[in-house]
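One chain, chain A, links the two complexes that follow: it is found with chain B in the first and with chain C in the second.
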Partner chain A sequence: MDEEEKEVLFDIRNLKVYYYTLDGVVKAVDDVSLKIYKGETLSLVGESGCGKSTLSLSLCRLVQRPGKIVGGEILYKGSEDILKYDEKQIQQFRGSKVAIVFQDPTSSLNPVFRIGDQIVEAITIHQALKGKEAWKKSYEALSLVKIPSPEDMAHSYPHQYSAGMRQRAMIALALSCNPDLVIADEPTSNLDVTIQAQILLLLKELKEKLGTSILLVTHDLGVTAQLADRVAVMYAGKIVEIGPVEDFYKKPLHPYSKALLGAIPPPHKDVDMLQEIKGEVSSLVNPPEGCRFHPRCEHAMDICTKKDPELIDVGNGRKVACFLYKEGVMK
Partner chain B sequence: MSYLLKVSQLKKYFPVKKYVFGLIPKKKGDIKAVDNVSFEIKPGECFGLVGETGSGKTTTARCIVLLEKPDSGKIEFEGQNILSMSRKDLKKVKRNIQMIFQDPYTSLNPRIPIGKSIGEPLELHTDMSSQEIRSEVVTMLKEVGLSPLHYYRYPAEFSGGQRQRISIARALILKPKLIVADEPVSSLDVSIKAKILNLMKLLQTKYNLSYLIISHEMSVIRFISHRIGVMYLGKIMEIADKRSLFENPMHPYTKGLISSIPLPDPERKMKTAPLKGTLPSPINPPSGCRFRTRCEYAKEICEKEVPQLIEVEDGHYVACHLLQCS
Partner chain C sequence: MIMALKDYVVRRTFIALPTLFAISVIVFTIIHAAPGDPFQFFLGFNPRVSMETIEFLREKYHLNDPIWVQYISWLKMLLSGNMGYSFITHRAVSDAIMIRVPNTVKLVLTAELIAILLAIPLGTISAVKEGGIVDNISRVISLLGVSMPSFWLGILLILLFAVRLNLLPTCGSHTTGMVYSSTWESIKDQIYHLILPAMTLGYLRTAYLTRLLRSSLLDVLSKDYIMTARMKGLKERVVIYKHALRNALLPFVTAIGLAFGFLLSGAVLIETVFAWPGMGRLIVDATFTRDYPVIMGTTMMTAVMVVLANLITDIVYAFLDPRITYD
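Moving on, here comes the complex of A and B:
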């Protein structure tokens, strides 16, 4: 894959998002640079509290107080910095250019409005459609996500849907205004494994059909392998590794990526013991000096405790932030 | 062969009421949460129960620890039916069956230091002095990877993984023979999950424990269990050894469940969804085989008769008409 040829949809440069809490400043996203290309599925992987949700929320400026975007740029289609948009512009931008599918469809759909009403609301705000035309569009959106008899189901309330159907409705809502990017924040982690398989295949199919980019935020390395084109691993507010999905699973580079892959119980083979990562996730208020992973890393060297490793290019479209690697050289 | 726990024909229905004029309760039907479930657990064995939400696995576990009173059936622990025991005898049995709950945030009392929480079962079931209890708790804290310094701390001061360690310590303190764990790791992060699963496996061999593990995650069940039961809408569909269940699943539901797992390998991508549709309502489950509405091999007989759990291979039980005809 040649990076230069693909169209860059979002170019995140040195983004910093901090939460100002009573315990101190939580550096949830600290100096992160990332490109999202058109039509790709990028998976953001990491444990709870690594900043992956904060990063995805800042793409449509939904970070709430005490959180604040304190630095960096988010360039949309190479020109406009969405951090400089005024309130009106950003409202236009949300929903029509970037849409979010949240983890829990039960709490993110409004229980007192019919599913159709909620889709129609989004359509009338962002497109020049009203009344019957907007409803027709909502039926189309529902049939796109394979909800049976959309004309009837659009007039049902969220509680009349099953969990899997609700998540389909959320996806329909997100896609109803043809956004360039859909952020899927743990889209399947509340669902049963058989329903999860259905939703994953639906997302894959829709991406191929509509050419929408997907930013998949998840802790599940199985879901990532099934859906993503590229993987970005986050640890304590920093991206530690980015690369194409096949290479990542074949040969993870960063010690944290390796440890993470070793820690999941493999569903397709038997093992005696799982690999453990020593220690706990470091605090984001007082992150360790140097590389943030060094207290848990088995390859930690002197330099790791002093200098913060930069994300370097090691070829093949892979980048890693670790002193074990040298620019352009893959070991 | 002697069993540690033998559950036979266990039934638990929850009545669903409808209110006429919003006042007079009228019975509408039953949620058949557990319907004729039978299985055994041998000493030192880890039995895993797996299934989708609403399949009745948690209700089964709650019946075994007597948090729920079954409607009928037998639960035999070391040969004695615990459902027909006097309270006095029951107390002796209860110390041998302990439970670990899913959510370590709500299963520990926030106002009691964790050392006291862990030691409480000893106060109830033994006549140890407080000094002895304290030293016992300290050893147990070390055993599960915590420090004796944690004794006087409160649950709020611990992370999710540490709290689950505290729950394990509390369940282990009486040296029980059976531990019932309901989704012990599903609220934990990847790296912490690995640690807790390893700890549970180590403790099992050390104390020769038997486990009944409930989970909806096939990979967790595969890692920890020796034998596995697959539940669907209150019924057991298949019971087999770990190896034969995963390498040679026989029931169409088990097959679908196993191929629904997203594999952490981008070269083995899922092509089609293995199971269509969702779980039918447990109030009016399909007649005959409960899985028939989602089964691609469903035949006429599946609609009429409930398939019985029969031994197809050595130790491999399946409830499916397809295998029983051939």
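Moving on, here comes the complex of A and C:
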């Protein structure tokens, strides 16, 4: 599909999110530009602490102190900058336009309220529904995520659900106000493998059924391969590569992406040693000069230590931030 | 729910019985192990009372019997509904307790109420605006409160409000010998007397409860479900007062309930400073004079109140936290 034809849901431009800690300013998201299209599943991958969760929270303006969005724009449907919304506007925006499914379903639902109460609460603030109507809508949301006998289960408390069911309920809560985008932040990391597969399948089905865009935040390249249409790779607060999922797995461009994929054990083959990425993740307080990956990069050149590479278009909807491509060393 | 509750209360009451029995055995043993007995204390220093008289009295009150015999006769008496008679005043122990208990309960409940009403807003604001002005001021006030001896604070308050400013009475639970023209006058007089001791005790409790609520709320605010609540688009006010506070109050409620025992004993000092005619002073006086029946009676009464407070705490807790059931 041609990029220009797709409707842009979110246009993130030069976003900067910093955490002001005692150790210094942590540049968790540093000058990131990214488009999220309507109906697509975009997977944001990277190691822990690379800023992917911070980036996703910014879309709801939920970055918590000491974090702060210090610059950039987040344009919603091409016109409104949600960073300019006042308190009331952003509250109306949250839940109804963007919703988040968090990583740990045991802690993301309030233990003292019934599941139904928690869904109804969201429905009543965003839709002109009250009482019975709102409850009816919550049953619908629960049956959508295949919770058995939703009329009864809505009146149960989170602790009466299994972990997998809780994550389904969380997805139901997220979808209850028909948002344009659901952010799934490591939605399966805390679940058993069999439950993981069920939840992934559910997300896939729901996306096809409802046409909701999904921003899948994960470090799991397997999950990404199953679910995503496009992949964005983040390293130390920056996006280093973005492109369609098939191309990414067939031929990763950025040296970091290559290294990431190299660290996955190939199926059907005995491997004694997994390939590791040498060195440590660069500090977000004092990131290295030039390209942030250069101290760990096998192909680092002189220019990589001096200048910060920009994302360049290499065709087929793929972009990469690496001088190897700009200088024509690699194609 | 109601049936389950009834079963639960009955079950808990039966569980409490062995506890109360154990308490009675331990207290009985300890007070008899302590040196001296009532007659030695009252008469032993008087040269005109002969050893024979003391011995006669000890025999008369069965103080020479083996301790287990004494215990069993005390227990038999208690089970027949009689708490015995004071060695010193010869009044029924139950009468003395019944006069004193309402005073202590009045003092303790008022103090706790003051503490709860102050601690909830102070603790909440301190946690929500962590490091802000309210947080810093309440930190100082709380630290003073937990480090100050209660009797010392009581004396200072008497000096300021009663002696210097002459606004409030120094001691007692009502003006002695006063004839009230109306019930309202009587209530007003009692409230005047209650203010200083209740404020002293209440301040110490406020200090503790504020810190407790603050830390428990800070803990809750970092939980994922608070992010979920915000993500839904709820107003910050709803997030704090509905989603966060409801969870943060759980340890708070436990602390209030468990503190009841502490309060009854903590009230001893306050009651002494303010000459408040409560249980605390009854216990102190009885201990000094080795008035065994009174000591046993007051101790058992305190134990029953603590057990009752714990039971009520558990029931309230089960209402607040759906994860707890009566099973």
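Simple rule for what comes next: the second predicted complex is superposed on the first by the 323 of 331 C-alpha atoms of A that agree within 3 Å, B and C clash if a C-alpha of one lies under 4 Å from a C-alpha of the other, contacts with A are read in each partner's own complex, and residues count from 1 in each chain.
Quick note on the criterion: a residue touches a chain if its C-beta (ideal position, glycine included) is under 8 Å from a C-beta of that chain, and two chains touch if they have at least 3 such contacts.
What you see is a predicted model; the values in this text were computed from it and never measured.
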Q: Return first, second, both or neither, reflecting whether A:187 touches chain B, chain C, both chains, or no partner chain.
A: neither
Q: Name the contact category of A:47: first (chain B only), second (chain C only), both, or neither.
A: first
**Q.** Which superposed partner A:96 touches (first chain B, second chain C, both, neither)
**A.** second
Q) Counting only touches as set out at the top, which of chain B and chain C does A:252 meet: first, second, both, neither? A) neither
Q.
Let me test your reading of the model: by the given contact rule, A:195 touches which partner, first (chain B), second (chain C), both or neither?
A. first
Q | Most chain A residues touched (candidates chain B, chain C) | A | B
Q: With the two complexes superposed on chain A, say which partner A:110 touches: chain B (first), chain C (second), both, or neither.
A: second
Q | Residues on chain A engaged by chain B in the complex (per definition of touch) | A | 47-48, 162-165, 192-198, 200-201, 219-226, 228, 245-246, 249, 259-268, 270-271, 273-277, 280-281
Q: Could you pull out which chain B residues touch chain A in their complex?
A: 52-53, 159, 161, 189-195, 197-198, 201, 216-220, 222-223, 242-243, 256-257, 259-267, 269-270, 272-276, 278-279
Q. Can you list the chain A residues touching chain C in their complex?
A. 60, 62, 87, 91-96, 99-100, 102-104, 107-114, 118, 121-122, 125-126, 157, 159, 170, 173
Q. Contact residues on chain C for chain A in the complex?
A. 223-225, 227-236, 243, 246-247, 320-323
